[in-house]
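Across the two complexes that follow, subunit A remains constant while its partner is subunit B and subsequently subunit C.
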Partner chain A sequence: MKNFMPILQLEMKRRSKDFFIIFYNIIFPAIIILLLGYLTSKSYGTEFTSYEYYSIVMIPFCLLMAIISIAYAAQDEKRLKTAYRFMTAPIAEAELVLAKSFSCTIMLTICSLIILGIAKLFFHLSFHGSFGFVAILVFSESIAVTGIGLCLGLACKNFFIIKNFLNLPIMIFGFLGGVFSPVSSLNPVLSSIINSTPLTWINRGIIYSIYGSDHTILLVTSGMSFLLGIAAILFAIKFFKREEFF
Partner chain B sequence: MGCIIIIKNNFKRSFHKKTGFLMNLLLPILVVMLGIAANHVSRPSFILGVIGEDTLQNYKNVVNALQNTEGITIDKANAETIKVDTITGKYAAIVEFTGDEFEIYSVKDETTISSLDNLIKTYIKNPEPLEIEEIIGTAMSISKRTVGFIVLFLMITSTITASLIIKDKNNGTLKRYKYSPQKAGTYILGNFMYNFSITYFQYFISVSLMTILNISIGISYPNLLLMGLWATALATSFGNCIATLFRREMYATLFSTAAALVLSLIGGTFIAFEYMPKLLQYISVISPLRWFIDATANMDQGINWFSNIQIICIISVMIFVLLVISIFINKKNRVVTFSPDQ
Partner chain C sequence: MNDLLRIDGISKKYGDKTVVAKESFCVKQGDILGLIGPNGAGKSTSINMISTLLLPESGKIFFHGQDITSRQIEYKKSLGIVPQDLAIYEDLSAYDNVKFFCSLYYIRGKELKKKVEEALTFVGLWDKRKELPSKFSGGMKRRLNIACGIAHGPELLIMDEPTVGIDPQSRNHILQTVKTLNSHGTTIIYTSHHMEEIDALCNRILLMDNGQILEDSDKQSYKDKYAKKGCQTLEDIFLYATGTDLRDMEE
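Moving on to the complex of A and B:
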């Protein structure tokens, strides 16, 4: 694994300059929280404001949207025309995929922690001592997002067909997860659909952890995202072929 | 003539990649149908959690009256998770009955809580169901929500169809086109018409299927089809405009999602226009979704689509402006060959 560190360095440099990852994980959620918070400020009281609600639900949603950025980041070599070099270089596939996954996870976690800080400072989101737990969830979700993104970008043969449609399921998850307005239903079919989306459990986990001091849902969700992320990364390593860079 | 060549060429290219084209064509239909169905099932309702013992007379009377009140749904709440249940939106409010007293827990605004408080006090005195519009006032009608949802998704999917423009830029087709004796406007119009025919076809199929399945959103079928012409034209010109702005498909896709989302938020898709803060009400003028929702409100009352002449004019101007912007950007675009996206 002697080549791992130089590639990781290179990937970190690329990711830290990736305007879209930074924009869609820091600036965009801030704008949407501000907009939605202001829009619905009249229908919330003073004890728990609309800004707090949208900070809680919008940050994991934007992190999920990063699947698209990661899927494209996985194909950097194609875009930057460096595929030939990677084809001939004596680097193991695992090193390449791991370097990408480490850099993406680190960058996504940092961006999400920054926006959580912004939410605390400007939108008065109080964590009631659960910041550590929320950070764990954000980190695990970053791993899952990176894993799925890399799988789509590196190991999926028909990437060109599905890449444009990635935002549709993410938006639907958002609607069902209560990202745009709180969702609830007593209809058994609808409530089971709501309960089957990942964002519902992520948001529920954060709210239970912060306002109910019950960390079970958050930790279970974090554990599942972590395992899913690791499995997806292993899958990407197994099925990735350097020829796909072309 | 130039327009027709472009439309023909675009269709030929799309048919060449059959799987991709079929996905492009069918997936949005599925999404729009799912959206209509979901909006149809989730009728606006105020879910109220109640806590108390069944033996209490007050509790029994009030719960009975509330159950028969239109717009309110009752469910037994858990006393241990009051705060989280109100925050997650599982219950809009929770009422706890202890003896002769009751207490309301909610994260809603004071007006809603005091209306609910008054309602329960009235029910304690006289358990006869009443009309309660002020409590669920911010909830939107099914037709408005559905139209907002459809226009939002058409805006996103038409950007996907417009990605052919980005491909043209990257593989040098645009460069060749610019050297030919054709105008920049012809290229944009050709793409617009191609995109329009595909997007309208998707809209037509999904709306027709929903009508066949007897899922009505409260607007008549001919009105829906007529409104679709403008909705599709707007979504298509929006998609084209974004595709001319960017050189990478990812940027176009993400930007269109973000822009369409912001436009639909300020346009009143998630919260009724009348309940928005004043400043946003003024800003919402720029959002086409606001005008579609306004037109839907009129059509809800049985008015024909063409009676909304003012709204039709505003939307047509928006379509025209978006097309002019696309033509202008396309004219100014430097024809450099960029590294292809795929």
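Moving on to the complex of A and C:
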């Protein structure tokens, strides 16, 4: 692992200037929270405002969308033709994948914490002492998103196939998770579909944690996201294909 | 001179098509080996196998007499690559580019700084070290591409068409760079479609076509052999040996 640090430093430098990650995880959610919060403000009360609701649901959703940005980041070297140098240098594939994983997870977590800060300052989202728990969830989801994004980006040659393939399920997850408007049903089939989407449990975990001081769902969801992310990263290392990378 | 690199019967297929067929040759220490051939001859695949990017389906590659698969890290540390495509980060300064790629060869601290300075000075870019490559001319980018490949001081340098798309001044500078590197002890495998470059630089010629080696000899023997057939220049020999049919290849 002698080359892990130089690659991590380079990746951090590049990710900190990554337009897609910064835009889709700070600027875009801020605009959408403002817009949807304003448009639906009359449907919510003063104790729990529309801005609070959309802050809670939009941040995990935008984080999930970052799978696409991470898949794009995974193909940086291929796009820039520098993959040739990586593959001919004395570095292990694990060093490369781990450096990418660390940098993407750190950057996504930072962006999400910034937007949580923006939500607290400008949209008056109150954490009721649960900020630490929400931060744990955001970090865990960042790991999961990074792992899945890297797996897809490193396994598939064409980024646009990944993008088109992911857009629909992410939107469906978003809809069922109540990102665009609150969703619930008494129909057992629809109810079980809603309950099968990860965003439902992430959003439910945050709401129970902040407004009910019950952190169980949040911690279980965080644990599952963390394990999924680690498994995806290990999978990306194990099945790294040199021919696909350059 | 001792054999630095020995290629022993390597083959590679893509689907049903044999791209390289049981290729064998040696590169001696101090050589500048000109690897030439028309598009689709198998040059790039051969280079990719030598540079460990692709695994041969059969055959072996020996470096200093040892199979490279058994000591790949050591082999890679001795290898420098100047790829045909510019392999640099446009959003990092010239200095940071060379520093990063050099650091991948376990070079750190003062030694790293020294080697980066040497490489950038060598290609004439030390004064531009703080600038971004996105502001560089084509020739300057090519020189930076070379600096990234030589900074760690490789024993064997593979240069894949390093002069594509640049002006005569930059090309001349690069050719001088290659000669100087070689005089400092670096063994070089050089590919180009410009036969005058091959003539000016190389002491040995390896001509490939359809995945097979057509000629493997020192430059003078190669020229003498074909002079009897009326070929005056390397370009004449190339066309005589590989034909004049167009080689439109898909990647």
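Keep in mind that, in the parts below, the second predicted complex is superposed on the first by the 238 of 246 C-alpha atoms of A that agree within 3 Å, B and C clash if a C-alpha of one lies under 4 Å from a C-alpha of the other, contacts with A are read in each partner's own complex, and residues count from 1 in each chain.
Going forward, a residue touches a chain if its C-beta (ideal position, glycine included) is under 8 Å from a C-beta of that chain, and two chains touch if they have at least 3 such contacts.
Quantities reported herein were computed from a predicted structural model and do not represent experimental measurements.
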{"item": "First, second, both or neither for A:Lys2, with subunit B first and subunit C second", "value": "second"}
{"item": "Partner chain(s) touched by A:Leu10 [first = subunit B, second = subunit C, both, neither]", "value": "second"}
{"item": "Which of subunit B and subunit C A:Pro90 touches, first, second, both or neither", "value": "second"}
{"item": "Which of subunit B and subunit C A:Arg242 touches, first, second, both or neither", "value": "second"}
{"item": "First (subunit B), second (subunit C), both or neither touched by A:Ser181", "value": "first"}
{"item": "Touching partner for A:Leu80 - first (subunit B), second (subunit C), both, neither", "value": "both"}
{"item": "Which superposed partner A:Phe28 touches (first subunit B, second subunit C, both, neither)", "value": "first"}
{"item": "Which of subunit B and subunit C A:Phe122 touches, first, second, both or neither", "value": "neither"}
{"item": "Those residues of subunit A which subunit B touches in one complex and subunit C touches in the other", "value": "80-81"}
{"item": "Residues on subunit C engaged by subunit A in the complex (per definition of touch)", "value": "51-54, 72-73, 76-77, 79, 81, 83, 85-92, 100-101, 103-106, 148-149"}
{"item": "Subunit A-facing residues of subunit B, complex", "value": "19-20, 23-24, 27-28, 31, 34, 38, 41-42, 47, 73, 75, 81, 83-84, 87-91, 106-110, 112-113, 138, 153, 156-157, 160, 163, 248-251, 253-254, 257-258, 261-262, 265-266, 270-271, 275-277, 280, 339-342"}
{"item": "List of subunit A residues in touch with subunit B within their complex", "value": "20, 24, 28, 31-32, 35-36, 38-45, 47-48, 53, 65, 68-69, 72, 75, 78-81, 158-168, 171-172, 175, 178, 180-187, 189-190, 203-204, 207-208, 211-212, 214"}
{"item": "Contacting residues of subunit A [partner subunit C, same complex]", "value": "2-3, 6-7, 10, 13-14, 17, 80-91, 242-243, 246"}
